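Paired with chain B in one complex and with chain C in the other, chain A is shared by the two complexes that follow.
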Partner chain A sequence: MAQRPIWPARVGWGLLAPTLCILIITGLLPFLYVLYISFFDWNVFAAQGVPLFVGENNYRRLVFDDDFLGALWRTVQFTFWTVTIELVLGFILAQSLVKNFVGRGIFRTIHTLPLMVAPIVVGAIWRLLTIPGFGPIPHYLQQWFGVDYNIGRIATHAFWTTVLMDIWHWTPFVTLTFLGAFSSLPREPFEQAQVDGASTLQIHFYLTIPMTMPIILTTLFIRIMDALRTVDEVWMLTGGGPGSATRYIGIHIWRVVFPKTDYGYGAAMSLLVLYFTIVLCWLLFIVMTGKFKQIQ
Partner chain B sequence: MAAPTPTPVTAPTPTATPAPKQPPAAADFWGRAAAEAGLRGTTIRGITESIPPSKYAASVLAKEFEQATGIKVELETTSWDQMYDKSIKDMEAGTGIYDFVYIEQDIIYAYLSRNFLTNLTALLKEKPKLAAPDFRIDAFTSFINYFKDPKTGDLYGVPMEAFIKCYVYRKDLFEDPKIKEAYQKQYGQPLTPPTTVPDQYRRVAEFFTKWGKDNKIELYGTTVQAASGHPASFYEFVETILPSFGVYNWGINMETWKASVANGGQLNGARAKEALTFWLDMLKYAPPEAPSSTWDEVAASSAAGRAAQGWIYGENVVWIATDSSRSKVVGKVGVGLPPTYPGVLEEARAGKGYIGYYDGGAFGIPRTAKNKEAALLWLQYIGQPSVQPKWAAAAGRVVHTATFDDPLVREMDAKTGGYFTLMKTYGNLFAGAPPFPFHAQAREIVAPFIYKAIAGELKPGDALDQAAAALDKELPRLGYGR
Partner chain C sequence: MRVRRFLRNLLRYTLLAGITLFTILPLYWLFLVSVRSRVELFGAPSFIQTSVYIENYTKPFFSEAYQRYLLNSIVIATSNTILVVLLAIASAYALSRCRLAGEENIFFWTITNRMAPPAAFLLPIFILYTRVFTLGDAKMFDTHFGLILLYCVFNLPFAIWLLKGIIDSIPTEIDEAAMVDGAGLWMTLLQIIVPLAAPGIAITAILSWIFAWNEYLFAATLTSVHARTITTGLAEFVTVTGTNWGEMAAVAVVALLPALLFVALVQRYIITGLTFGAVRE
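Up next is the complex of A and B:
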């Protein structure tokens, strides 16, 4: 005889209903609206002033839009460097902070401070630090090393400064997440490995990393998604310049949607970037969990 | 085929006609009008750009108005882009969050084309009891004409600021005998503020940069508002540099809405390319912060005494020249007309062109505002003669003809090296932005090419060729100039 559930299904749905309503109102409906708009040519200051249905034309335009593709490629590069360096740094710092040493508490607090700062403020802080002519960084780089550091004029300086700023801001997040993971690991396998004569590297590769893989993956995906949609900090620091050096996809979409008021095209861009993000994360997931090999 | 002569927009001038005598304003008009209309206790919300005139309105006039009427004014002063972003979204969506908005002169045509604003002339007729006896349209300079519907003449905004972007120089440096001697020795000419571009301006810029370097002081030859990634750089190029080279209306043909020479525009013409080359060349003589400088940073650099000369918005000239808590060059500032290409000044005098930018803005009431009557009182309050002189002295803006002759403004005129006299005498040689209904859209199309030229990603000629081609392609898509 089939066992009766403790609670009827409708009670479960009833309890879920408020959450589902919120999700539908704040998530699904706006998404559907953006999807709808993306099929229109709608610029509020166009002569016609009303949305014109253009079908998939906005998406077709995107494929040949050099500015869009350039911004996307730049964002991928930015994401690659920031996330890679943050993961490595965060891993090393978390490993160090697991151990006891004098001043650990103070270091941990200072290290976490950037996390508490709003992105727009981070941008403002870095702008004050790096603005040519006034900021201490260009001043001392010039005085001590003769380096003409100018994020307003030199594209590579601007790009790497945005990377550095992101690392400064978000490495503590990675460190804290890894620290939580490391602290919760059981001691026995590590003690066993030490008894068996495993080196530190071997312990990392064969124990620590596999055991914390779910946390590493979660952190990786959170950081990838964050880096792909970075706007505020970079906007404050460089405004996307010089030229197009730091015009990442978020800034590019913002400029198309707001100052240019090209809502239809901007909506199509947003959706394509969302699709791109999902695909990228999915591919990474498959590769990193080894399922890619199974599929092959 | 020769490009057709561009049609410059009307330059604002102080109105010459004396204002007709008005009945004396009742001293208690504001309080009585607000009480009779049941507006006491109302709160009106507005949004404006964070600029000296707006800050004065928020910190001084709003409080005075509240005392007089019992109507509270919440004026949000924010960045230029946020101001547009929020006000356009509010008016487009019809949310009615704002009861009045800042309308910069250049966006009025777009707002009118979208029917965003309330017709103030009609509203005043509809509500005669709310018409302040002190508020007279003929008291304003002709700058107010920018805020009238060209077809009907009806008013859609009350000017709250107007100023010119003028040439500003360090008088102390230009009058220093040692410097004058060195310049004479190097160039065989006396050192004077330049009146022409490109060569004369470049020489002075080059000289002061070298002089600063030789004497180990932080001094550069010129300001350049070249934030690569911010529209400020685009605006300096199209509103200040292009007209001084005789290229008007952003190089766009006003009849066909085309920008390229091939289609009758001038944006990629030889003169425009020369102008961009000159302006980018000035970066060599500008402080290192120039490629990150918007209008705010240019004013800050000038106030810090880092540039011998430059192009500065009038709203900043006053504080740079007089506010010792913020400026190191108080009492050392001279002003003049922007240097121009040979023949451009004559064209402007003949009404065939203009030499620089006459900027400003107004407060208007969105069609979707919820407290139109209270906002109408507020707009008239800031447009009455009695508040003008102090406002002008504090923020360098003049919207009433009579303000120029007020003793307070005259006193400030002397302290600013004659800024107000310059504006009064030569204001007619300057012009506001062209009447484009696609102002922001055209800016967003052209600006990235200017940014790339600043960053060295594109050569000046290529940048303008590509910008003109992009405009010619995109404007028809928006329904203009098919």
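Up next is the complex of A and C:
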């Protein structure tokens, strides 16, 4: 709802100024700085120890860096599986929550809980669930299915455990956004469709999904970006291992930058990841501001 | 028809019960581990506990280090929240009541800040804090102020757009009436808008407090001794020589408490906050 302006623009800029200052110092300045050092070879522990201008060399190195590309590809896989499963599960859950029933409020409160839990605590919880020797997951998998589950040794186990952990943490977000969207839908088209004898599946495909498309897309983009950012919980659960099985891009950057102090190269890497994110952000922005329909 | 409805309900309740168990069990397990001694932990997992091994809690939290971590977390989260709420009220009011050129760009830019991978900002911020923002021997590195300022990057965007939605729903006639009565900008803002938006401001404050409390990556990288937070303290438990799982669980429970306490209060607004006001319930 747009309001009539009641203060002149200069008052508005005055009120915004402190916010903009802080965001420039903590958001824009680091961005420009990382752009600047990405053109230098700067390794604190190297012989010269001072930044050395190398032009686009860091970026050229990136394209042929198997570790970096591997981390990127793993992150994409992780994002694909978590987001797909969360969207489908969230859709089903939101559908079963639209109508009022006994216990709906309690269920919603419980379901909201994981959203507020610190990612590092989520990692700690799943670590406690998966420790060989006392965690329930390895114990019951062994007892019921004879699976020798060990995320410290077996790469696929570690990967799918991080996916499951993310589903635990973020499905509620999808459920609640979809629930918000479904609750605001008008009734008549759905009643009409039922009178006309449409099946539930048809109603979902031709009515529910198209009518809530902007919110579905907003949720999708926010989830994709958050999944790409994942660091804390995976770091706590597996430390990126075994080997490099769960070393997603955030963890990879951290490992290049800090233990190895390869600043210039880490900067180029950070910037490339930032670039992907900004492109995604732009898509999200188009969807959110309703320009999506105009482009279609 | 009746049978179908019965089956549908059965299916729905089974699904919801399953999901509830899936959500609750990991949290319950964390709590169980936190009240068990080392001996009780190993062996077949049991989900019933009658005794409480309180040493898991007392040992870390009677130590000077963890008391400091806890205090740091409280100080940093609270100061950041105050800063964020003050700035967000002013910004949201400006965006709601003025027509500014490039408003959309400001929106885009702030959500980019919120969505940017923290790992990409770690390096420049680390160098800025250790080498550039220095005054003699004083650095931004390992200070409370450094983290308080930094957490604005992800707390301000959501706070501004959450509050803007709330201020937008206050009719402009109220502002105009106040102006007719001779109230200036600050008078209108503080005595008219803030009280009317108070519930929304409270929600914003709680959410940004929890987000600041929960942050780990920057806190771990930008502090060493002095300004370490509780989340960093939790991560420190995992050591090569063998972790005391019971104590780790106890620290995790304490780190989790604020979220548990506030979730019922803010649950209707969490989604609005996380989607920058794009989705309302």
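FYI, the second predicted complex is superposed on the first by the 253 of 296 C-alpha atoms of A that agree within 3 Å, B and C clash if a C-alpha of one lies under 4 Å from a C-alpha of the other, contacts with A are read in each partner's own complex, and residues count from 1 in each chain.
We take it that contacts are C-beta pairs under 8 Å (C-beta built on N, C-alpha and C of every residue); 3 or more make two chains touch, one makes a residue touch a chain.
Computed from a predicted structure; not experimentally measured.
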Discussion item. Tell me the contact category for A:67 with respect to chain B and chain C: first, second, both or neither.
Written reply: first
Worksheet entry | Touching partner for A:134 - first (chain B), second (chain C), both, neither | both
Fill in: Touched partner set for A:260, first chain B, second chain C, both or neither
first
Worksheet item: Should A:12 be classified as contacting the first partner (chain B), the second (chain C), both, or neither?
Response: second
Discussion item. Quick check for you: in the superposed arrangement, does A:33 touch first (chain B), second (chain C), both or neither?
Written reply: second
Worksheet entry | First, second, both or neither for A:155, with chain B first and chain C second | first
Worksheet, complete the sentence: Chosen between chain B and chain C, the partner touching more chain A residues is C
Discussion item. If we overlay the two complexes on their shared chain A, which of chain B and chain C does A:245 touch? Say first, second, both or neither.
Written reply: first
Worksheet item: Counting only touches as set out at the top, which of chain B and chain C does A:82 meet: first, second, both, neither?
Response: neither
Discussion item. Quick check on the superposed pair: does A:43 touch chain B, chain C, both, or neither? Answer first, second, both or neither.
Written reply: first
Worksheet, complete the sentence: Footprint intersection on chain A (chain B / chain C) at 131, 133-134, 239, 258
Discussion item. Going by the contact rule set out above, which residues of chain B touch chain A in the complex?
Written reply: 81, 84-85, 88, 92, 110, 113-114, 226-231, 283, 287-293, 297, 301, 306, 437-441, 443-445, 448, 451-452, 454-458, 477-480
Discussion item. Please output the residues of chain A touching chain C within their complex, sorted ascending.
Written reply: 1, 3-9, 11-16, 18-20, 22-23, 25-27, 29-31, 33-34, 37, 92-93, 96-97, 101, 103, 107-121, 124-129, 131, 133-136, 139-140, 168, 172-173, 176-177, 179-181, 183-184, 215, 218-219, 222, 225-226, 228-229, 231-232, 235-236, 239, 249-251, 253-254, 257-258, 263, 266-267, 270-271, 273-274, 277-278, 280-282, 284-285, 288-289
Item to complete: In the complex, go through chain C and note every residue touching chain A.
Response: 12, 15-16, 19-20, 22-24, 26-27, 29-30, 33, 41-45, 87-88, 90-91, 93-101, 104, 106-113, 115-128, 149-150, 152-153, 156, 160, 168-169, 172, 175-176, 179, 185, 210, 213-217, 221, 231, 234-235, 238, 245, 248-249, 252, 255-256, 259-260, 262-264, 267, 270-271, 274-276, 278-281
Worksheet item: In the complex of these two chains, what residues of chain A are touching chain B?
Response: 41, 43-49, 67, 131-134, 138, 150-153, 155, 238-247, 255-256, 258-262
